[in-house]
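The letters A, B, C and D name the chains in turn, as written, and every chain counts its residues from 1.
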């Protein structure tokens, strides 16, 4: 029954551009984990690591927010929305929002039946006119789920970012219709780096009530946060989290990586690195004839249209990545551990595959 | 804004008997984590560590079961139950069952409204006569939630274990009433060690359909499993897990500790150690005049009645532990990292506090 | 394919004591229905009958409450509770409460997972000391559903009534623990008649926040009300009702019977009649040797212990009724249409069956 | 406190074209109600009226289906869908489907979070190519709600009908993707009359698994049915209905109107009448310059585009009706009690308002 050491699995042969969640744990997060793995600590968040991590998040946002650790982004988003919605409410979001496209109905489940109302908008960003129409349409109508929350993704699912002004404008409309504002910040750190602003400038100062703050894609093993800037909305959230299976007993292991990453601003270093490489990749690829950017590359992902033959050839060479939009839109994500060599290696293969495809 | 290294939190000054989830990560689990933190790995369970860990679980149970990783025990229990219950069903369990007393209504939430029907029984174990009555009472009555699952905890919340025979007898009743059998195995490994049986002997061979297999209390950071011996019940479970916010993107970090613990049977070594120390603690304490065992010490917890004055004095000396049953029932849990010195130190303090209390 | 008129079903050969919902529609309710069945009326409650009925309810309670029509008592109770509870909350109620024993988990379903916490108490009434303990136990504990509502049934499931003083005392405890007070008033009218008080005296003046006001057992075809004395709790209730499938399109047919019954106080006449007959039945039966009242007969139901042989003989003679408490507790309900002859006929059969059983 | 008889509400001054639920109860349904209101009857569906009505429904469909009475159409639809869906499933329907546009999220609520996936199609009918794409898209993808049911409305929300062939074609696609087929038959009877087919021809013979069969719009006070042609799907439905607050205690009053309407085929007479008047209205209006039909008039509703000025003038003259599609699409519904005079009166007013508007 005993497995041999030789059977221990190997990682993929080289780094991929499939997703920033293909990457492991950053050195800073790992060292904090190692340090936290010492002796006994009270369970369920009553430990020192959780306290310190929570304080660091408050410092990061320069305000006295309520901070809750959950295991992943789906839970952070869904619990955040559930804390704002009753079952007969609705959440307005972009049609490409992760909460709509990739969470298997988790927002509907955790809220007990709230509806997502989809709007469109360029580059993955909610169009303000469409948003306002969605707010107004059937407001007060007892036969339709009532809009209660605007959820925006920052950075967006197309690798773009909302400016402070864009957020403030959307929030103003939301306020006018008594909607709360939620931000899905699975890649919030990348957006901060890209915009070169303080975290507060694109959250509570521009009307965001609740933020899902991503840790996993940032380089942690597990652990995304729900940050309540409107502290009234956090009422009872501890109970909601527990009932929803999101209260970690050994909380220190969720908190420690945040301490490691927020101290000394390691987080900024890592997302800048990933953003920069994506920018380089984007510039080079977009200059290749036959390739066409689908959205400006503002954070760590390049969204680009490629001939299907090229896509297949890249896969044959061992590259793993996601496609979308009719199967010829390619998403290429850079991570904290992506190297310039990885980027150059991919570019070289793209060039060769393009050449081979043209030849054929 | 930068925190100094000096601010890094310290662990508690010494190990406690509060809970096995006060302990950190075992060396074997940690080394596997370290090894897994290398390069890129596919997300959402499509990685090699998850495959190996899953195979090891199948080897452990000597059968072709379906294995799913979730983040914690509340989720493992609740999703397991939800996979067997519709909202109008009921789960029969002991009145001290964790799913009833410590999960804040998570089974009700995840099932969409299923009811827990409570029965009693000695030493935290479901009484078979009471169980049968609960099965029969109002069966088919459209005005009452229909019993659908028996949930037993192995080892129990009072530190006792069900024998194979006891389980087989309960399962036979369950089958007669078309109930499925769920086992909350937050401390399943401790039970295996205590009974000195093969894992299969107290699961599928004695009628258990679904097992929640605890990893956290065993010495992992996060990660409890749902193991389906009745594979039909696993249909769609991948979707349920995702929608419920329990699908880890970097799954390798949930799987690797299992590889570390199941290889070479490290898990058995650790639970035997904890069980043995609890036995020693139990024997000594139960011989002290004025202390009285509340249940036989069969795994890693001692449940004992103490004078309230002694309880307070122990707390004043820095001991952390839980009380229950009218505040004079004390629970003392041993962990994988508890040492003989910890036990002796506690015993000495108990003796001294008893002496001081008698003197007063 | 056409059915003949001769096939039209006949009613039971004589009136029964099984339940007040075996009775049909009172003449006053029927006449209002007939009057309402004329021409067109706006749907969903925007009609004149609903307005008038709502005003009559406000007059009945002498206060400006919010009134909502639902189809039945299960819905009225469950939606009322759901409007006060999040999924991680709990409702404290008597262990014999209808919401616990006869609604198939509807409160759990509509609230999305709230728990019922059961307490005991004599004659079907919540014991105040047990209630206070249940409030205090685990208050604030994140691992347990938090008590949020006290639900009392007036009249109780054992045919008794809470006095104004009893209600006020319970409400005072509830307030101290920030609980809301719900009253399941499936037979509220019977309680008003029995206590000879104004409806306000046992509702908002003694701390009831929300009342489920029964119409069906009062002699209507369908239609129980949710009456919010705490109008803040009614916020969004119109949407909750709609989403829950309880918004009638032809609302006039739910409202009209209430107009018929509340005008001229027909409701009081009918419940006094039923209460009086139950009292007579109770007095006679309780004087028969071998029969024993299980609770004082305060409204329209007699709860009495009978030899099992007698129960069987009564059934053989065509009497339909419910048993409980070990199958020898009999419930005998009087309705608005029960006659003195029905009562005498039943008494005669009881006497004869008792005599036959003794002889054997 | 007593209201005077003079205060009894009056109906609207004349019949409207707002909705078929503005109409009251048909004579046949009323007479059955009157007959049913006699003596005592067992509760919760164990009465003779429910048995007879159920048998008549089975005769109507010429098959041994399972029949359940619920209070209204929202409940019938939502419970039907919930019986086929787990929370991680999805229902594919037309974007104008009532379950999407007018039930305030009831399907999501009763299913515990299932998603509606919207497709388009001409004249309110699901386009088969779009439907097939929706089936195929993301099938098996753990990150997205899995399509499980096709829900079609017959007659549609635009007053059109699916032919038997259209239904069979959709069902064939559904079968290929393992989807079940639900039919929202709020106006099913109108569709039967329009198509001049047997009810079986557009239900189980063409692949419909579950039908919501509308009674309210047909001329009953309350009571829509869920009819399971796939009897396996009805397993446990009695419990689901009870828990969902849809089990009537005085069931005879839901069942009797069905007996009245199904005996002698009164239902067909009434829907033919309404369909015929709508056809007449449609023909005349569509010949008026400046008015434009939005969909063919196949059942009892005319959907027509009118100048906004005309719409306002009609309202000023006391006509009540709904608008949609940018506020100049008018819906005019005929009911069982609409008369030729009503139609002529409306036509005259439309002509006059058109003339006045042109003059201006």
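In the analysis below, a residue touches a chain if its C-beta (ideal position, glycine included) is under 8 Å from a C-beta of that chain, and two chains touch if they have at least 3 such contacts.
The structure displayed is predicted, hence computed values, not measured ones.
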Steps in the shortest chain-to-chain touch route ending at chain D and beginning at chain B: 1
Interface with more contacting C-beta pairs, comparing A-C to B-C: B-C
Chain A-chain B separation of Cα centroids, rounded to whole Å: 33
Mean-CA-position distance for chain C and chain A (Å): 51
Mean-CA-position distance for chain C and chain B (Å): 43
Sequence positions of chain B contacting 2 or more other chains: 87-88, 103-106, 109-110, 112-113, 142-143, 145, 239, 242-243, 247
Footprint of chain D on chain C - complex, ascending: 1-3, 5, 7-12, 14-16, 18-19, 21-25, 30, 32-33, 35-43, 47-49, 51-52, 56, 59-60, 70-75, 78-79, 103-106, 109-110, 216-217, 221-222, 239, 242-250, 253-254, 259, 262-265, 320, 335, 337
Footprint of chain B on chain C - complex, ascending: 87-88, 90, 101-106, 108-115, 142-145
Chain C to chain A touching residues, read off their complex: 44, 86-88, 112-113, 142-143, 145-146, 236, 238-240, 242-243, 247
